[in-house]
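Have a look at these structures, which come just after this line.
Heads up, the next two complexes both have chain A, just with different partners, chain B and then chain C.
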Partner chain A sequence: MEKHSGYMQALRCRECGREYPLTATHVCEFDFGPLEVVYDYNRIKKSLTREVIQSRPKSMWRYRELLPVANGPTIGLEVGFTPLIKADRLAKRLGVREVWIKNDAVNYPTLSFKDRVVSVALSRARELGFDTVACASTGNLANSVAANAAAAGLKAYVFIPTDLESGKIINSLIYGANVIGIKGHYDEVNRLCAEIAGKFDWAFVNVNMRPYYAEGSKSMGYEIVEQLNWKVPKHTVVCMASGSLLTKIHKSYQEFIQLGLAPGTDYKIHGAQATGCSPISTAQKAGLDFFKPVKPDTIAKSLAIGTPADGFYALKVMKDTGGAAEDVSDDELRESIRLLAETEGIFAETAGGVTVGVARKLIASGAIPEEDSLVLCITGNGLKTLDAVSGHVGQPREIRPSLREFEALVAAEARPIKA
Partner chain B sequence: MAARTQKAKPVRRTRPVAPTRRRLWLMYPPRLIREPLIWRLSGKFHIVTNIRQASVTDEIGIVCLELQGGQADVKASIHWLEKQGVNVEPVEISVVES
Partner chain C sequence: MNSMAKTVRIPTPLRKLTNNEEVVQVNAGTIGEAIAELQSRYPGIRERLVDDKGDVRRFVNVYVNEEDIRFLKNQQTPLQDGDEISIIPAIAGG
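Right, the complex of A and B next:
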């Protein structure tokens, strides 16, 4: 046990409330409920002020007292503080007063919000004495673990299903990680990885390090509030895979209000899924507080979790805040990727298309009133999911190297179309 | 008279197998909710079952179960449950993330 644990107090079971020491463990031994980090908010309140935060470098670690490391970050010091962009052209197209885009498509170093959770998990892993880190992933998480481990000099094992696209495999191999392909169905791969995590004394970022790892998502919420001049937005739309990001955005808003860093206000957090994998949004729309597992079938691979670990808690957050949930088809999400790109110059991955598409539906249905303001959380970069939009964005027009031909093309386009 | 000592027959030893422990979520579809599957599982395989949480509604049955036994028995138990139509996940659920 460490002598010094920073502002953390314990790990606590989200089901029964039993407390555990701050080690690499993730479920309650009594009821197997998930564990969550508990902080000493009284101490944090004395040292964390707006002025202190603003005096620090622009990264997610400017809120370090609220992140689960004992001695400060050592990995991913540049991660976070991504742009919050006022998206007027998109707002006009969506028919709402004000839209802000929180753009983690440009997060450092691997262009997704996973860099936040991984930098926390790896910093904590190093504090706990691990020299090897691991994860099982089909994309963004693998890239981030491989890159951040390489920069920190940690040994990394990345487990992937064998049928993954080559581009995604290269994005992890390039960093020198041990990439292991597992043959078999998703369920078998999932169970084997849980077994490996239990057997080897490694820091498995989303298994035994999960209580710390998940807390990294809160930094996205802190940044949104600070960038909105210390105001919690009225509406936030968040895509849901496991549902963890949505619950942590809520926790970040609650913490800032509790610490007096933002004034208390009513806010709604809305959840977005792809129709082909929508266990949480289906349950929310049916008014249920539990979800039924599904077999994913969508191009939004980064959201394709049929049995979401935090689904129950995400449903509770939406219910408590008065938020709604919706889902969009693959065609609708592709169209929304284009809409975001054409209006704001932001190329988001498929999950971003889901978020924009769902926001459009929630505005149309009145769940988000048109006179309100909303924040859309964009979690990854479109360059990672080119296959999803390939064949749906048109073709370049070809001409011979002739100025006359180009002028003819421009003139043809300028000609008014006859009714 | 000296006691007759009988040379003990060599006992065929099997290599000791460390018991495997799996922590699982079982999700029952409505048609299986009334079936005593865990009781049948204990009868079919040489395993110890230990329920830690359970929740039953008209829509779904959810059981948090610890299974302990030889690796082959545990593996076969999971396979049998899935064959019956139960969704079986490790307690961590989504270990493979995007």
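Right, the complex of A and C next:
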């Protein structure tokens, strides 16, 4: 056991409250409940002020007291502090007063919010003495583990369903990681990885390292609050796979309010899923506090988790904050990818289309009033899921390198080129 | 030995109860019976898997031959000789 553990005190079961030492373990021995890091908030409050945060480099680690590493980060120092964009053109199309895009499609280094969780998990894994890291992944996590492990000189094994988008597979292979394709869907990859994690002494970022890993998502919420000039937004729309990100955004807002970094306020967290894999939104719409597992069938593969581990807690957050949930079809999410691209110049992956599409539905239904302001969490980059929109975005009009042909083309289309 | 032909893979958090056995053979005809059989041999294991109402705990996933029992018949899921049962904690996303 290490000599000191920074601002961490223990791991605690979210179900029964039993406490465990700060090792690589994720499940309560008594009831299998997930373990969560307990912090010494009194000490954090003394050292973490707005001034201290603002004096630090613009990365997720400017909030390091609230992230679970003992000695500070060693991997992923540049991750985070992605742009928060005021999206007026999109707001107009959605029919709402104000929209902000938290754009983790340009997170460093692998263009998804997963760099946040991986930076924490790998820094912590190194503290705990591991030389091999691993994950079960729908793609983005595999990319991030592979890249960050390569940069840190750690060995990596990433396990993915074989039917992922080619962009996500190549983006893991290029870093020299051991990429294992599993002939099954993500829930089956997950089950296998739980069994592998029981046999191999590796740091599985979303299995035995999960309590640390999951905390990294909070940094997205901290940044949103700081970038809104220390205000918690009235509405936040978050896509849900396991539901973990949604619960951690909520936790980040609560911590900032509790620490006095942001004024207390009412806010709603809304959840977004793809209709082809919507166990959480289906349960929320039915008013249930439990979900029924499903077999995923959607092009939003990064969200295709039929047995969402944090589904119960995501439902509770939406209930406690008065948030809503919705889901969108593959066609609707494709249209929404285009809408975001055409209005704001941001090309999101399928999950981003889900988030935008669900926001549109929630505004139309009145769940998000048109006079309000909302933040959309865009978690991944469209360049990785080209397969999903290929064939749905039109084709270039081809001509020979001739001015006359171009003029003929413009005349034939009999309308001005879109400004 | 002829009927002791169903295998249960014990997850790490429960191995203290099974004297560190990773794999246990059972004779049960259903998942519910298998849990009862495990309890008779490893007292205390039942309450780890099942809540006060007798339902499988919400963070426990049970699989028969790689299929989640919630897609089968839950605790009434029948077992055949040679079946493999896995007990797995829920896992985070990826």
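Please note the rule applied: the second predicted complex is superposed on the first by the 394 of 419 C-alpha atoms of A that agree within 3 Å, B and C clash if a C-alpha of one lies under 4 Å from a C-alpha of the other, contacts with A are read in each partner's own complex, and residues count from 1 in each chain.
Going forward, contacts are C-beta pairs under 8 Å (C-beta built on N, C-alpha and C of every residue); 3 or more make two chains touch, one makes a residue touch a chain.
These numbers were taken from a predicted model, which means no experiment stands behind them.
The superposed arrangement places chain B and chain C in clashing positions on chain A.
In the superposition on chain A, A:S242 makes contact with both chain B and chain C.
With both structures placed on the common chain, the touch criterion links A:H26 to chain B and to chain C.
In the superposed model, A:K301 lies in contact with chain B only, and not with chain C. In the superposed model, A:A359 makes contact with neither chain B nor chain C.
In the superposed model, A:P161 lies in contact with chain B only, and not with chain C. In the superposition on chain A, contact of A:L288 is made with chain B only, not with chain C. Looking at the shared chain after the overlay, A:A214 reaches chain C, while chain B stays out of its contact range. Contacts of A:R191 after superposition on the shared chain: both chain B and chain C are touched. Across the two superposed structures, the residue set of chain A contacted by chain B and also by chain C is 15, 26-27, 30-33, 135-138, 140-141, 186-187, 190-191, 193-195, 197, 206-207, 210, 241-242, 290, 292-293, 305, 307-309. Taken together, the chain C residues at the contact with chain A in this complex read 9, 11-14, 16, 22, 48, 57-61, 63, 66, 68, 70-71, 86, 88-94.
The residues of chain A lying in touch with chain C in their complex are 15, 26-34, 114, 135-138, 140-142, 184, 186-188, 190-191, 193-195, 197-198, 206-207, 210, 213-214, 241-245, 290, 292-293, 295, 305, 307-310, 312. Across the interface of their complex, chain B is touched by residues 15, 26-27, 30-33, 135-141, 159, 161, 186-187, 189-191, 193-195, 197, 206-207, 210, 241-242, 288, 290, 292-293, 301-305, 307-309 of chain A. Chain B meets chain A in the complex at residues 22-23, 25, 27, 52-53, 55, 57, 59-60, 62, 64, 66, 78, 82, 87-98.
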